[in-house]
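Input: one structure, supplied below.
When the chains are written out, they are named A, B, C and D in that same order, and each has its own residue count from 1.
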Amino acid sequence: MITTSTPAATQRPIRLFRNKAAKIAAIPMILTAVVVFMGGTIWTIVFSFTKSKLLPKANFIGLDQYDRLWSSSKWGIAIENLLIYGICSLIFSLVIGFVLAALLDQKIRFENTFRSIMLYPFALSFIVTGLVWQWILNPDFGIQKVVRSMGWESFSFDPLNNQEIVIYGILIAGLWQGTGLIMCLMLAGLRGIDEDIWKAARVDGIPAWKTYIFIVIPMMRAVFVTTLVIIASGIVKLYDLVVAQTSGGPGIASEVPAKYVYDAMFLSQNLGQGFAGSTMMLLAVLIVLIPWAYMEFGGRQRD
Amino acid sequence: MTDATTLATRPVASTGLVDGPRGGKPKRAISPRNVFIYGTLLLVSIYYLLPLYVMIVTSLKGMPEIRLGNIFAPPVEITFEPWVKAWATACTGLNCEGLSRGFWNSVRITIPSVVLSIAIASVNGYALANWRFKGADVFFTILIFGAFIPYQVMLYPIVILLRELGIYGTLWGLSLVHTIFGMPILTLLFRNYFTTVPEELFKAARVDGAGFWGIYFKIMLPMSLPIFVVAIIIQITGIWNDFLFGVVYTKPDVYPMTVQLNNIVNSVQGVKEYNVNMAATIITGLVPLFIYFVSGKLFVRGIAAGAVKG
Amino acid sequence: MTSVSIRDLTLKFGSLEVLKSLNIDIDEGEFLVLLGPSGCGKSTLLNCIAGLLDISDGQIFIGGNNVTWTEPSERGIGMVFQSYALYPQMSVEGNLAFGLKNARMPKHEIASRIARAAEVLQIEPLLQRKPAQLSGGQRQRVAIGRALVRDVDVFLFDEPLSNLDAKLRAELRVEIKRLHHRLKNTMVYVTHDQIEALTLADRIAIMRNGIIQQLDTPHEIYNRPVNLYVAGFMGSPGMNFIEGEISGAGDSDFNFASTQIPLARYPFAQADRPNHAIFGIRPEHVSCGTAASDEPFSTDVEIEVVEPMGADTLVWAVLDGKEFRFRVDGQSPLHAGQSIRIGFDPAKASIFDARSELRL
Amino acid sequence: MNTFKLFLTGASALALSTSVNATDLEVTHWWTSGGEAAAVAEFAKAFDATGNKWVDGAIAGGGGTARPVMISRITGGDPMAATQFNHGRQAEELIEAGLMLDLTELAEKEGWKDIVNPSNLLDSCTLDGRIYCVPVNIHSPQWLWLSHAAFEKAGVDVPSNWDEYVAAAPKLREAGIQPLALGQQPWQSNLLFGAVQIGVGGLDLWKQVNIGKDVDAAGGPDMAKVFEAMGDARDMADGSNVQDWNQATNMVITGTAGGQIMGDWAQGEFQVAEQTAGKDYTCLPGLGVHEYLSTGGDAFYFPKLDDAEKTAAQLELASVMISKQTQVAFNLKKGSLPIRGDIDLSAANDCMKKGLEILATGNLLPSGDMVFSADTQTQFNDLMVEFMNDKSITPEDAHKRYVAIVEDAD
């Protein structure tokens, strides 16, 4: 029989010190999250209500910076560009990435070669990407000139010098750099799908494209989440590529928010304005991110 | 034994074959399906390879040829002068040492930054995946939020942080900055990877008396090579290619290679020397490209493990 | 002497109560099987005993010590997992030694323990291999070895044979039983396979929704299930259930459709009986053909399907409009559509209250 | 504000000095083009001659890239020893925060007040009576550069003023020559506007709008004319796709463009290309109409360092930069005008001499950097570059938006 009077072998551990090692190990992460990301964000928001110019100063002026921000045509263009770029980049990255992954998943020969070809631009920086594409799209040297010299004199393809379509010129370069990684992620996701699904679909006579859209894609939820985080964070941060390719031109036709913020802070020496712009950007990110976090953690049961 | 079974089996007499499909289905090398697949892949490959081709071809031409010819034509007269110039003699301000000046700086910046950021992010991911504690999800969400913050926005707060820590302008400071900004995506990848490690393995180790660090070093680490390769590639690529932090948080004697690249590309001396720019661009990209090509297979495997489960 | 004792153990995940105030005493050297469908909480309970899950309330004693807050490695247990959970990068020897090294045991002691365990499990030739180079059966032997070298009094098995094919499963089952006879350790064994439970256990605890339905010897559980759930869960093919009415107080009858089964021989647990009841009889307790007429109850049924299974044959028939299964000798020349006489002894039956589903 | 000052100063006390040799001075600047680099080399040579060492911290990409570096390093407590800034109002806050070295003593000793000409250059280095920067050159942005080769090819005489130039534009087009070369960067469009404003609108208008910030004048008919002229300029610049100013200059040098409106620093490029003023190209200050120049320029600031030896070296560098010899050598290479009136620039070419003459007659204006904040300047930049690139914006629209900016200007 057990002696129920036996005292507890150990003192009941205090909650805070349960998992002590894990908590200690997480300190860098907690500090980064709280001090840098949260702290930096709050700092930015606070100073967006000030009239800070070259240096951050706490002379508050209410919402003036936001008034100015939203009445600026440059900011409007920047937002519009980001929306166009963001939506196109999201759709094309996912579609191209997925289609390429599906093609590579057909047990083809030279898969490694094709994969390397599509992935290598990822190793290059946006600055390099922007330069190369600026060069290829340059009407005096690049594609336009080559096509014209082949006899098609009226051929016109100079996205970087045309206000209407300059953002698509940037998109071409952005996709070139980023889709390889997306393709890799998608390929990994496809490889994680049970072979039996394909056998079942084949026996049932379901066409391949239907199997992909209605069966396989819904099974790849996790991959799509990771992919979305990577693509979306890239979109919000879009800056280097624009600077390298067009510097926001022609005119201000290819401005993007990150560039607006940077220019406000360091060219105009109007920190407050820059912070107001970044606050708006962070707000937009939050609007997207909170539902995600809820889906990821809130609804899920712990097992 | 085999004899016995054959004998025991009742033989079925062949009733002869009738006309119609027989044996293996014939496979045509050139089926419409294959034409479609390979055709598409080849076209796409051209899109991906074109810029590299243009870069290489241009870097091997002389300026007069560039001005006259089209950018896709192979060089008539191959010259390595642009490469030499980009590496050794291109000027920025008073320094005419080309990219060579920044190469070792980049190495010195990249190695500690990669090591530090990966060490911290992998432990984070491990703690998040296997040692869930209250509030961990909140911190993780904030961390993911950090992935979306444009770097430019954080320049000032980071300056203040580094100054308060007393490591502004040091290599450690820069490594810390790279660690901070690499943390969101890396932690996400590591966390996803470690959740794919069977939970029972983790339980077995706990029954065997291994603690937090024991399990990390002895069990998790040795089986995580693919995800470490992914992390290393992402970080080397990112840090090697970084310009903004390198130029803002260090000083001229430790400026990374990208600062020289920017200077070469942006210091126009009369005409843009496209050939030198292209050579400089390729040289700067060589290290990440090399590392990527060497470990390409592991990269894909790691990506598979880090992204599929979430 | 009690080896493992669980008192009022409760486990909650948020508002969800996964284990509800469980009490179990396990004797030293006893082989206890936790049996139930997936999601019933049996593995969760095992993890609580191992200390891999923090419990919400209650106490756990192992070897007389209160281990409720003790680390898993200090509870004096060894554990074997379904997926084997072998450390992939270590050799078999490394796997066996890992726990001992963590406990800072001297090298020679480690070596001798490994040698002993390897001998017991006959895995000496495998010691230098990596887990990936082993077959499923070998891996599970190594996993058992890992528990063995710890030289502990209590072994915990978490569905250890579920990943193996049928033949290997049967082999290892015997081996685990042999091991138990030899070592005389306390063993707590989680499974969803009733054959494993019946063959291995000294006692079986049948669980459902975090509650133990019945904790008893295999014989009792098989023959005298305490409720409809246990009766239906144990046995394959499952018990025949027929819903109907009990008439009369003393030597009563069970009536359904136009059939009447005399219950005079049935050992009722208590005197008062509800009207509405469920009558259960196992297929193997039914005789057919000439033997049927000798049973206290017999009737004609029409055969629908015949399933020959080698040693015996399972027959699906219709008894007065109800589906009815019974088992006959494998050599019986029965075929579908045939009408045949069957019979059984109501003393071997189980009768449950239709409302509370408890045994009467 | 006070707390901020406090932690800034506190932080500079923490500053790390890693250099071993105390007389190594790191100098940050964004002069990286051919002519600019050659000019900087003169500074470095002169400074090295004093036994110290100039550590070059060139950052290409202009102020936008260089400024965050400077400000971060100064506020981060690890400043460079000297840094280029446009003088004017850009560094005011750094001075107010006490982060800059006070040069007053040196200036008094060397009598900068007497030698710096025009004197307003030193004024913009002065805050509350103390001097914090060394002006090193005078730049005037309102120059029209014309290519002789281009006009020869088109069969027209080289114009002598803006109107002739506009009239010649169609001929240039016919000959396949870009009439006006313009880089895509926003400040270049604004510079063009500044030149047109003084050239077409004249001095009084310029003063009323830029110094008086007179909204009526800014919205008046004279300004409307300026915007019409901007419309002409837009037509002439149509098709010019280069980015950098010196790429545009190069078009003039090679004769692929008729002309460019650019500051006197373009002079350096012509010089590097070994072209001769009057023979290969013509320069017209104030577009050849109103020969006024606004004088801005570059200046060097010296962040406070807590190392006495370095501080001494900083003062030495300041002294070297303003000295006669260095001024001559530097400005000849840079193509800009020296900041002291007491030196002999007989080596100067035609264009520089024109500039010197205007300087001597006193037809001078303060530069945009001095009258408007960087913020307002950037707004002008954005407006002008948008206008120059988007033909859907009429001169009238642009005019209206211009007035709105002037209204809010500070």
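By definition in this document, a contact is a pair of C-beta atoms (placed from the backbone, for glycine too) under 8 Å apart; a residue touches a chain by one contact, two chains touch by 3 or more.
Treat the numbers as computed from the prediction; the structure is a model and nothing was measured.
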Intersection of contact partners for subunit B and subunit D: A
Chains in simultaneous contact with subunit A and subunit D: B
Per-chain CA centroid nearest to the all-protein CA mean: A
Inter-chain pair with the most contacting C-beta pairs: A-B
Most distant chain from subunit A by Cα centroid: C
Rounded Å distance, subunit C centre to subunit D centre (Cα mean): 89
Subunit A and subunit B: spacing of chain centres that average the CA atoms, whole Å: 16
Approximate Å spacing (C-alpha centroids) for the pair subunit A, subunit C: 52
Numbers and ranges of subunit B residues touching at least 2 other chains: 155-156, 262, 265
Contacts with 2+ other chains: residues of subunit A: 18, 56, 262, 265, 302
Of all residues in subunit B, those that touch subunit A in their complex: 37-38, 40-41, 44-45, 47-52, 54-55, 58, 66, 70-72, 120, 123-124, 126-128, 131-133, 136-137, 139-158, 161, 179-180, 183-185, 187-189, 192, 211-213, 233, 237, 241-243, 258, 261-262, 265, 274, 277-278, 281, 284-285, 288-289, 291-293, 296-297, 299-300, 303-310
Subunit B contact footprint on subunit A (complex, rising order): 18-19, 21-23, 25-26, 28-30, 32-41, 43-44, 56, 100, 103-104, 106, 108, 112, 114-129, 131-133, 135-136, 141-142, 145-146, 149, 176, 180-181, 184-185, 187-189, 191-192, 221-223, 225-227, 229-230, 232-233, 236-237, 239-240, 257-258, 261-262, 265, 271, 274-275, 278, 281-282, 285-286, 289, 293, 296-297, 302
Residues of subunit C defined as touching subunit B within the complex: 47, 50-52, 71-74, 77-79, 81-89, 98-99, 102-103, 143, 146, 150, 158
Residues of subunit B defined as touching subunit C within the complex: 198, 200-201, 203-210, 214, 218-219, 222-223
Residues on subunit A engaged by subunit D in the complex (per definition of touch): 53-59, 73-74, 138-140, 158, 161, 163, 246-253, 262-270, 273
